[in-house]
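Please go over the structures that come below.
Shared between the two complexes below is subunit A, which pairs with subunit B and subunit C, respectively.
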Partner chain A sequence: MSSTSGATTSASKPASTRAKPANKGEAAVDWVDGRLGIYTLAKSNLRKIFPDHWSFMLGEICLYSFVIIILTGVYLTLFFKPSMAEVVYHGPYTPLEGIRMSEAYASTMNISFEIRGGLLIRQIHHWAALVFVAAMLVHMMRVFFTGAFRKPREINWVFGFLLLVLGMFDGFFGYSLPDDLLSGTGIRFMEGAILAVPIVGTYIQMFLFGGQFPGTDIVPRFFTIHVLLIPGIMLGLLVAHLILVFYHKHTQWAGPGKTEKNVVGMPLMPVYMAKAGGFFFLVFGVISAISAIATINPIWAYGPYRPDQVSTDAQPDWYMGFSEGLIRVMPGWEISVWGGHTLNLGVMIPLAIFPMVLVAIAVYPFIEGWITGDKREHHILDRPRNAPVRTALGAAWISLYLVLLVGGGNDLFATHFHLSLNSITYFVRVGFFVVPVVVFFITKRWCLGLQRRDKEKVLHGRESGIIKRLPHGEFVEVHTPLAAKDLHTLTAHDQPQPVELPAETDENGVARKAGVLAKTRAKLSEGFYGEGAQIAKPTAEEFREIESGHGHH
Partner chain B sequence: MSHDISEENLPESHGDSHGHAVAVHDDPFADPGLPVHEPRRTDIDERAAKRAERQVSLMFVVSMLATIGFIASYVVLDIDKIVYIFPLGHVSALNFALGLTLGVALFCIGAGAVHWARTLMSDHELPAERHPIEADDEVRADVIEQFRTGAAESGFGRRKMIRNTLIGSMAMVPLSGVVLLRDLGPMPQQKLNHTGWEAATVQKPLQLINMNTNEPMKPEDVLVGSLTFAKPEGLEEDAEDFQVQIAKDALMLIRIAPEDIKDSTSRDKGFEGILAYSKICTHVGCPISLYEQQTHHALCPCHQSTFDLADGARVIFGPAGHPLPQLKITTDEQGFLVATGDFDEPVGPSFWERKR
Partner chain C sequence: MKKLSARRRHPLAALVVLLLALAATGGLYAAFAPAEKAQADTSAQSLAIDEGKKLFAVGCSSCHGLNGQGSSDGPSLVGVGSAAVDFQVGTGRMPAQQPGAQVPSKKNIYSQTQIDQMAAFVASLGPGPVIPTEEQYTATDANAVAKGGELFRTNCAQCHNFAGQGGALTKGKYAPSLDGVDPKHIYEAMQTGPQNMPSFPDTTMPEEQKKQIVAFVRHTTNDEPNPGGLALGSLGPVTEGLFGWIFGLGALIAVAIWVAAHTTKAKKS
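Here is the complex of A and B:
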């Protein structure tokens, strides 16, 4: 089509079919568009609509703390020496004068005491890492409890899960690098855990450490993993995660004018550019201020790593705390198998449960999708109360995590609250099995109670606080009926029905057996949506009946 | 006041005329549609808008000042200057100043931008349509057809020999990468089974060197109730492999009245009630450093495995799977404490090849 217009102008000057740019700025963008096609890309994105809710910015905190970590991390690599070569300390920190230490530790001391602002950047790096993992967990809770992981977003959930796991491990590798007494103890623990792996454990240990513990290879190897391998993978996953957020368009809460077929909110340019862009600076500013005020990981106080020394209160960073809990409360079972080989169950079982606790998060969307048999896309969020079993499962997981966190800090709980360390450990052993079950039932009940309250509100209106005396002396409280938008919002949710087993006989009357899988699925589905798992939402008939009843009062 | 608010900025009055009044009749819960936009103060009052503009600019100005403060602190403050700041205590002046000025400089940019967006940019909520993620049947059929054509043209399914050899070569080529990992480290061999004490023999025993004094010890140097850490004679801190050696050789020496020692084998390995246990925990290898002299219990501070040192270092609590190995000790001609051989069993965490 453009060839005709091109042909007419080409006689006088080289062809461009485009309208004349209005100014130099437009001309520059035209130039870029001619090479990258950015107009087409921006057409659907510049004014892309994002819905507004405070919980939608939790993911932004993750993104921004990741950016902060990258920026400060690059700065730290300019000064950090990832080497375990031994040096003798001579520097401004006199308590360590003349002490032998690795170059990794010495250079971290140098960053903290001799590079101006080095300590600040180190602190921002470490604080941002803690905020990063915490924000990822809270962001995932938001997505979980609102059902935002449902079709079409299951894969993005998995990307997010991988980012969480990689973030945790990169944090572990990162705080291991300074080769101080605390982090060295963490690496020693990792070595012990690797040795507990049956058959190949000793080989993996020798290969990873380049010989016996601690050797001189582990810090440089961790360095490469920490600054290149894992961040590289994370960056890829992060970009994919964001592209999918754009592609799927953001979920939204139910409300007037909001449907599964639209997204209501404000445009990326200018509102979200300002809000989200500004939020980066807010997060960075707050983390900087925290780093000025609160010291984190004071490696000078721990001293350099020695395998024969340790400090009490040795604790990993908080996100590794639940694995620490697993390892601390596990009984020391060690058995002999295959003619005298040692199977160290006391370390192996926690080592196996650790990933299972995490994988439970990763696979949940697929399990729920299978149980419900729901193949529709979902863009309207569930209120947690309207999915009682899911909410209860999530709460049970969190309670398990917290119980293990208590187990991981059993020594701190014992000393700070003057409790018996042994009692805390026994409590965690029992609590591991009991607490999540109790929390599950309490949460489910709670959700059902809230559903009843919503129903009550829809049918009878909101309590107005006005007491009226009726002619015959009875006192009643006047209820204000809800506005149409509230009536809609409170009744907009789906109430799925449990899947049913196929009829026992087919259309020809021949008996048909349901498989174990189909039966399990029907049972689970009954548990999710059957009797006692949801309160039937008010119907229009119920509503009208009560409305007309009001006149007779 | 009101003369500042121009008439055309005021919202049109809106009654109940729209949407839901009708909807109530057939479905009380029907979607009433997007609510009418409620204007903000800044939308209708030019003075409020001006005020918001000044507030936003003020924050950006504060940010600039904070950046100047950051640079000034960097130049002026000494890195080793410590100041007392309530309630933080004694802190590095430079770190505090840099962190706070940077924090303010960044925070104010963010606060200004967000305030700008909230007060002055349009807050009209707009709907955008969603389209199903999955393709319609026509596109689906077209793509599958294209794929089938491509697959048929390649002959991948038909020429089985090409297919199978390709799969074979692709499966094999990563093996080179695996092989390259071989030299990451040595084979385990007997490395985990022996410690530096294996150099000791009855003819040439190794003295136990006190870690604190760096001197050999006589039995009378080890008092009942004390806890002493020791290393083998000849292992110096400046040795190339000191860290690897001390990770296995570290000893803890205690003295218990011989009649209080419950385990006779343990008593025989000791010398007049002096017992030498491996300091490395059998759980995951932390050095055990807490000793309670009344109960003779040793506690690992990492995971709280507790060992009864009067009873052959039996595990009485915690996740450790077996007792601490004990080193047999005696005295040499000069009366110094010595070892005449290695531990009977590997020290530290257990592993698959460890014999039980």
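Here is the complex of A and C:
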């Protein structure tokens, strides 16, 4: 590595201008850099700045639990046999001695009772999956309520949404694999849902199951989907998601010195390398601890699947719970059309609402962007209270989701709260329509109340609790003015005005009729930013006027 | 034989044949019909029946009538058998505290002798299932738990849950948890079908299978150490989801807050 050759071949590499690497480490890095060119990549990215807030680490929980799932999943594939061939159990778990079961179930029993650490790994895999989807949902809610999905991050929002949906379905396929009584019931449920699709349902069912339920194809097919197809797509989306996070840079909370054009925080190297690396082990530790403490999916207790058997408490894992709720509360309507073709509305309608619940949240950024007509880039987060309509819509969505979860667990609510199963079902039927509306209005009023409180705080300061008697006998409470930094944070948000309809006549006096779409948009925009949707934040004049007054109010 | 054949066209021949046929059917039925388990009225038993009748008059007759004939508030007890009394009173369900969707089990206030006396009285009203002996509900088969498990998943789990933890039925009714239920009572419940439970008489479920189910229930609710750690109530994915959210994600968010709070910060002046 002479200085002359270095200068001629790659002038951009400062390492090559050195006559001799200082130590072996540098020599090694130099060798790698000469072949991969990582220096420039590292230079531009290792000092990448990330802002600091606990809620920005929710996505990290997703990432790490995904890694844990992959690591433990690989271990499980070494021992799992995705086969429906029938075997008779003769293993260490005597309560199933001599019982007929599929090889899939038998090998899961083998993993749980004979493979060293198998049960712990299985439980880590399953608990991490529950935590993974839960963390994705909470991460998505964080992004939603802070408005972090706005331009330029809409595409990344969709990537994240796809990861959530794929995660849900991969979870479903995963817990269907052991072929235990619960999972078999779940597959039977899915088969029923497919059959309820008009015209193509029976064909899809036949293609998927390779014949009548349950057949022998479904477990091997689910296995391929579960370990290969969906995780592959997810891995690609995950990388794209992270690249976009790097490319867009991270959003940040409003504060002094924080603008739409900068990121205030700490560099990836060394601060976040250490923090994120440490956090990975903390996540792994917490999930492992839970897996060592609590059982998940005790397949030995469920027993092997047989289509003539079923257990109560046959619910899906929580993330599919809202679909269970939809189906449980739907009246069992059935109609006959075109001379004897049955339309099973009791299953078909829930099946249609199920994706709509999800899609509603996926397309929200585009709807909000269209309504508000906001084309600017946003890197400063909204406090949820400063976007009352968005916050209320999000809360309404969550309430809908929770109502459906109650419907999905109606039997457990009935037994544990000593209620009638029927009453809960009726409540959910009404609540499906009513609760989100009520929650919307309450949340919106709540946000407006908080905005008023902020305004009050900016103009009058914090209540100090000190009561002062003035010379003329009046009692007043002393208010402490806020620090300049707090004043900035409380007033940094902008308050857009509603989109106005174009003038009824154009500059030549010709009548110009606004279309239905434009009118709807103006109405919605009024709802978002109009009179009743935000409290005008204090202006500098108001503040000065009050400051110049008596010092109390 | 000639005499008989000569009179076969007698006007009364048809009547005679009919009578013979009826006598044969009745006789055959009497010979082969399952013997009803009506108890012989020994003197010790009639004493118990008298005592039982007194107890019945105090504790049960307000709903079931003085002679167990039933009323608008309670069903007739004719033919329910001593096993039903032993189950209902022994688990504290009867006397009922109040009418409702289902009568819950509570503390039993009668001694076993008193229960036996009431059972004797009710059994005297009409034949029905009898209180089982210990051999009847104690399995001797080495593999009874596994066989019982299969039977349980086929016949019981749809209401009582895979681990006997109970489950909801319509309109406030429920299948109770089988935790800590006496094997005798499990057997009696299957035999008599109390409240909303269907009955499984020996004709549909032989005694041997009942024994196996009892063995499985005892095993799954009492003896089994859970291999995976806390069973979380053995209620399936609902409690798992709740646990995962609270202790899984909850703990991780707490950790995230802790990590975010501990960072390299510029020293405050």
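Heads up, the rule we're going with is that the second predicted complex is superposed on the first by the 530 of 553 C-alpha atoms of A that agree within 3 Å, B and C clash if a C-alpha of one lies under 4 Å from a C-alpha of the other, contacts with A are read in each partner's own complex, and residues count from 1 in each chain.
By our rule, contacts are C-beta pairs under 8 Å (C-beta built on N, C-alpha and C of every residue); 3 or more make two chains touch, one makes a residue touch a chain.
Since we're looking at a predicted model, the values are computed, not measured.
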{"item": "Subunit B versus subunit C as contact partner of A:61, first or second or both or neither", "value": "second"}
{"item": "Touched partner set for A:311, first subunit B, second subunit C, both or neither", "value": "both"}
{"item": "Of subunit C and subunit B, partner touching more subunit A residues", "value": "B"}
{"item": "First, second, both or neither for A:421, with subunit B first and subunit C second", "value": "both"}
{"item": "Subunit B versus subunit C as contact partner of A:127, first or second or both or neither", "value": "second"}
{"item": "Partner chain in contact with A:135 - subunit B first, subunit C second, else both or neither", "value": "second"}
{"item": "Touching partner for A:543 - first (subunit B), second (subunit C), both, neither", "value": "first"}
{"item": "Which superposed partner A:23 touches (first subunit B, second subunit C, both, neither)", "value": "neither"}
{"item": "Touched partner set for A:207, first subunit B, second subunit C, both or neither", "value": "first"}
{"item": "Touched partner set for A:271, first subunit B, second subunit C, both or neither", "value": "both"}
{"item": "Common ground on subunit A, meaning residues reached by subunit C in one complex and by subunit B in the other", "value": "113, 119, 123, 266, 271, 275, 278-279, 282-283, 286-287, 291-293, 295, 306, 308-314, 410-411, 421-422"}
{"item": "Touching residues (chain side subunit B, partner subunit A) in the complex", "value": "19-20, 23-24, 27-35, 74, 79-80, 88, 91-92, 94-100, 102-114, 116-118, 121-130, 132-134, 181, 184-188, 191-192, 211, 229, 231, 237-238, 243-244, 246-248, 250, 279-280, 283-287, 289-290, 301-305, 315, 317-322, 348-356"}
{"item": "Residue ranges of subunit A touching subunit C (in the complex, touch as defined)", "value": "52-58, 60-61, 94-99, 112-113, 119, 123, 127, 130-131, 134-135, 138, 181-182, 266, 271, 275, 278-279, 282-283, 286-287, 290-298, 300-303, 306, 308-319, 321, 408-412, 414-415, 418-422"}
{"item": "Touching residues (chain side subunit A, partner subunit B) in the complex", "value": "48-49, 86, 92, 100, 113-114, 116-117, 119-120, 123-124, 152, 185, 188-189, 191-193, 195-203, 205-215, 217, 247-249, 256-267, 270-271, 274-275, 277-289, 291-293, 295, 305-314, 327-334, 336, 340-347, 377, 379, 410-411, 421-422, 425, 458, 484-485, 487-488, 491-492, 540, 543-544, 547"}
{"item": "Complex contact set, residues of subunit C against subunit A", "value": "101, 143, 145-147, 149-150, 153-154, 157-163, 165-172, 174-175, 216, 219-220, 224, 226-232, 234-245, 247-249, 251-253, 255-257, 259-261, 263-264"}
